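Structure below; questions to follow.
Order as written gives the chain letters A, B, C and D; numbering starts at 1 within each chain.
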Amino acid sequence: MSLLKGKQIPIGITLVVGLMMIVNYYFGAALPAVKSTTTLIQNWTVIVAAFALIIGLINISRIHINHLLKRSKGQWFFSLWCLAIMYIMIALGLFGTTKNPGYQWLYNYVFLPVDATMYSSLAFFISSAAYRAFRARNVESILLLSSGVVIMLMNAPIGEIIWTGFPVIGDWIMSVPNVAAQRAIMICVVMGSVSLGLRTLLGMERGYLGREE
Amino acid sequence: MADIIVEIGIWVAAAYTLMIYSYPYKDTPLFKFAEHTMIGLGIAITTIMGIRNILDIAVGSIVNKGEFAWIIPILLGLALFTRYSRQYAWLSRWPLALLVGVGIGVSMGSSVDASFLAQIRSTVTGVNTLNKALLGIMIIITITYFIFSIGKEQREKGAFKYTSQLGRYVMMLCFGALFGNTIMTRMALFIGRMNFLLFEWLKLG
Amino acid sequence: MIASAKEGFWNKLQAIDQRILYVLIIVVVALPLLRPLSLPITVTSATRTAYEKVDEYSGPGSVIVIAYEFIAGNWPEMGPIAVAMTQHLFRKPDIRIILLAMGRDQGPILAENTLKYIDEMGKEYGEDYVNLGFFAGAEAAMASFASDIPGLVKKDYYGTPIEQLPVMSGLNDLNDIDMFLCLWSGTPGWGEYLRQWQTPYGITVIGGTLGINGPGAQPYVSSGQLKGLVVGLRGGGEYEKLIGKPGEATSGLDAVSTTHLLIIAFIILGNVGYFAGRKRTGGEV
Amino acid sequence: MALISHQSGLLTLIIICGAVLYMIYRARQGLESEVRRVAGIDVIDEAIGRSTEMGRPVHITNGLATLYSSGSPQTIAGLSVLSYVAKKCAQNGIPLITTIYVPETIPIVMEMYREASVLAESPEWFDDYNIRYMSSHRFSYATGVQGVLQREKPAASFLMGSFMAEALIFAESGYLAGAMQVAGTAATSQIPFFVAVCDYTLLGDELYAAGAYLSQDAVQMASIAGQDVGKYLAMILLLVGLILSAMGSDWLVNILKL
């Protein structure tokens, strides 16, 4: 029984599935059996991932129901509202399908505007961050400040009107140091992800498996 | 009738927009209300997508096409719920092992090719201009910053000490550029919301 | 007293309450929207190349996939690009257009939204174009679609079985697709399509993305993996000019200029306060 | 039909894995490999200490990459940082709030909380109401995290994993809440915002090294050394490629194209 409860089987699953994905990427064209099994497993992940979404639903429901039962001050009403709108939306979306007018109304006039507004609130945060961070304290922050301002003046149509040099310098910064740093980071990230991937396949990266049973 | 619903909708959308913008000013129940609405709707939308996938793809294939292999992902998915029971919690690791296996496999397989080699290939092809040569050299210098262990002592005193500092300078130029370039995207989004508030809601246009 | 008051002033310059900055941002955006300055828009070579490549690879008889891999929050910047490029394709005679999304579940709704803005030039749903909706699973779904289209695609976004949609007839795998228009805002997006579609199948890809992704995607344009790329609100404004249909991007670019100048002004204030403050105390503040 | 597509990719993968395995083998023989100090990782203890003194909670979140996507290594690296932070918080007796976007990490985080409370012998620390799923929609997630930062006022906030635009919302909201922030991501588009706003930032590869570094486990530390071999390989390929290409031959490019 302890074999079943232990780590050997999950590590085994990760190793086999992981190797199959790698083999499929390099030998997939030549080994149709591997390719079809890989596609099958990838379709399976879509279903397992869907069940994980339900785990999320349970997690949030337990939290807010707990707030309701405890009548936690200043919170229980919001928890009630969150649960109500969530389950109403699920009912509308599942039984009425996503074409249902109620679902569409909530989606178009509540969800989308808040989604767009949250995204747009970044305009405030990026301005205050720029104001605080672009301060010529040392060599590094001077470089950060100068390349940032040059690119801003390259993007804004008014920049060209002030001085036609901005787009030229901006293009250079965009095509040389910018690409260089990104490629260097990308190359080193691959090393890190492959090393971490290998540790995970061999069961050494214990993080996601937790404690010895 | 229809345009009344639309008009109500616009007022509701505008109300929510102002609730969200109240965040930086003060911790008001308005933002908290918009927050809980947003979380509720967000979870509902993805849960519906998940349940539809389960029904259409898995259960649908079993019932209509008799592909019984789909039983396996359904069982694995159900195994996730064993986490809530102390006794069978170990079973919940099996589906996670499958997900991690696919993720690690897909990332290890493709990332070496798409991110590592493709970047090196495009750097070393047609190095006929000063900029291209400079680009390659800057990449090499920036990589030295990420050396962790081999040549550690060299890093403190030797050549790497200077190249890794130069690497940081190159990265700072890059981060400044990315930061400056992002300002336009964020402003574009905010302009979109102002368009909505000024013209669709207040109808000033 | 005067010295410390002055010093107080310099310190205040360095730490202006960010709410003042936020109010000014609102004002500086609202004004140009109400009274446009209409500064000139020059078309850059990048957007022109993308326009020419879209034209080149959508000849009669070709099959084109458009992926809407962004979210409603991106509409102000991705919307104009999606509308302009989709309108350009709908003007091309005798081609088949497949709208879909694999990374972003809002994709199909945004595809519908795009169609509201364009003139469909007589193209019929089901005959000339189709909206296949969203396939969960990102890279997994992309890989399945590429290798076996009928295997993955059972119904379109509205539930009509594939067999009843002539536009899908004869499409087995990615080799049957002539051009792929990838409109993405982040991840999952171009990175995943690069790995699952472009690298293995070498499909012709033309992209449209946010301003912030422009620099990151440059290496793929220079290496040819992306044949063309339209970037950000500016790219949208230029593409609108190329297809002769000014839209939201064109009107937004004035406000972009004013906001950028405001932020630069604040950066200058912050630095002036920093240096003057430091000079007064003759050393580290 | 070539048997192997992307041979050069496969060869590179074998070289890198070989290097990592060799380094791990050496570590198992007892040959230590020192690893340079990464400022961001050392600050994690300092930040938790600050929370303990102020009696405030700690906040951590692992970003957007699902476990089955190609971004999963970033989430797994973020989870190994979470495992370390959970143990520290349990020992210090301060609450740890985890906000979640990727639902399949919920069972994993529950396991980590249970493990931390067992190791610290304080069963009451395990309160899985501190594990909060904020939806799998980016801006519902962002709104939820803003609410947590604004109301719970954590003294330390860790942003470890793959992020997109909302990274700056977390960072600025954390700044407004007065939290000491340590961020780590391999998403190059968001690193500038973490560098500008957070107290410390783990750049790209440093996030992957964090898990191994924090575990102080010889074998894991050795795998970091293995990663360096790949970086030296990249530098050599680049140098040789540049020189050859400058001299007009694209011999190396053709090899890399195989």
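Definition applied: a residue touches a chain if its C-beta (ideal position, glycine included) is under 8 Å from a C-beta of that chain, and two chains touch if they have at least 3 such contacts.
Note that the structure is predicted; figures quoted are calculated from it, not measured.
By C-beta pair count, the most extensively touching chains are A-B. Mean C-alpha positions place subunit A and subunit B at a centre distance of 3 Å.
Chain centres here are Cα averages; for subunit C and subunit D they lie 28 Å apart.
If each chain is reduced to the centroid of its CA atoms, subunit A and subunit D end up 13 Å from each other. Computed centre separation for the pair subunit A/subunit C is 18 angstrom, with centres defined by C-alpha atoms.
Residues of subunit D in contact with at least two other chains: 5-6, 9, 13, 16, 65-71, 73, 76, 104, 106-108, 111, 133, 135-137, 139-140, 143, 165, 188-189, 191, 193, 195-196, 203-205, 209, 224, 227-228, 230-231, 234. For subunit A, the set of residues that touch two or more other chains comprises 22, 25-26, 42-43, 45-46, 48-50, 52-53, 55-56, 60, 107, 111-112, 114-116, 118-124, 126-128, 130, 132-133, 144-145, 149, 152, 155-156, 174-175, 178-179, 181-183, 185-190, 193-194, 197-198, 200, 208, 210. The set of subunit C residues touching two or more other chains comprises 18, 22, 25, 71, 73-76, 136-137, 139-140, 191, 195, 199, 211-212, 214-216, 219, 232, 234, 256, 259-260, 263. Contacts between chains leave no pair untouched here, as each chain touches all the others.
Within the complex formed with subunit A, the subunit B residues making contact are 5, 8-10, 12-14, 16-17, 20-21, 23-24, 29, 32-34, 36-54, 57-58, 69-70, 72-74, 76-78, 80-81, 83-84, 90, 93-102, 104-113, 115-116, 119-120, 123, 131, 134-136, 138-139, 142-143, 145-146, 167-184, 186-187, 189-190, 192-193, 196.
In the complex of the two chains, the subunit D residues touching subunit B come out as 6, 8-9, 12-13, 16, 33-36, 38, 65-73, 76, 104, 106-108, 110-111, 133-137, 139-141, 143-144, 146-147, 150-151, 173, 176, 188-189, 191-193, 195-196, 203-206, 209, 221, 224-225, 227-232, 234-235, 237-239, 241-242, 244-246, 250, 252-253, 256-257. Of all residues in subunit C, those touching subunit D in their complex are 71, 73, 137-140, 186-188, 191-192, 195, 199-200, 212-213, 216. Those residues of subunit A lying in contact with subunit D across their complex are 22, 25-30, 45, 48-49, 52-53, 55-56, 59-60, 62-63, 66, 114-115, 118-119, 121-122, 125-126, 128-130, 132-133, 144, 181-182, 185-200, 204-205, 207-208, 210-211. The touching residues of subunit C, counted against subunit B in their complex, run 18-19, 22, 25-26, 29-30, 33-34, 73-77, 79, 105, 134, 136, 139-140, 154-155, 191, 194-196, 199, 210-212, 214-216, 219, 222-223, 225, 232-234, 248, 251-252, 255-256, 259-260, 263.
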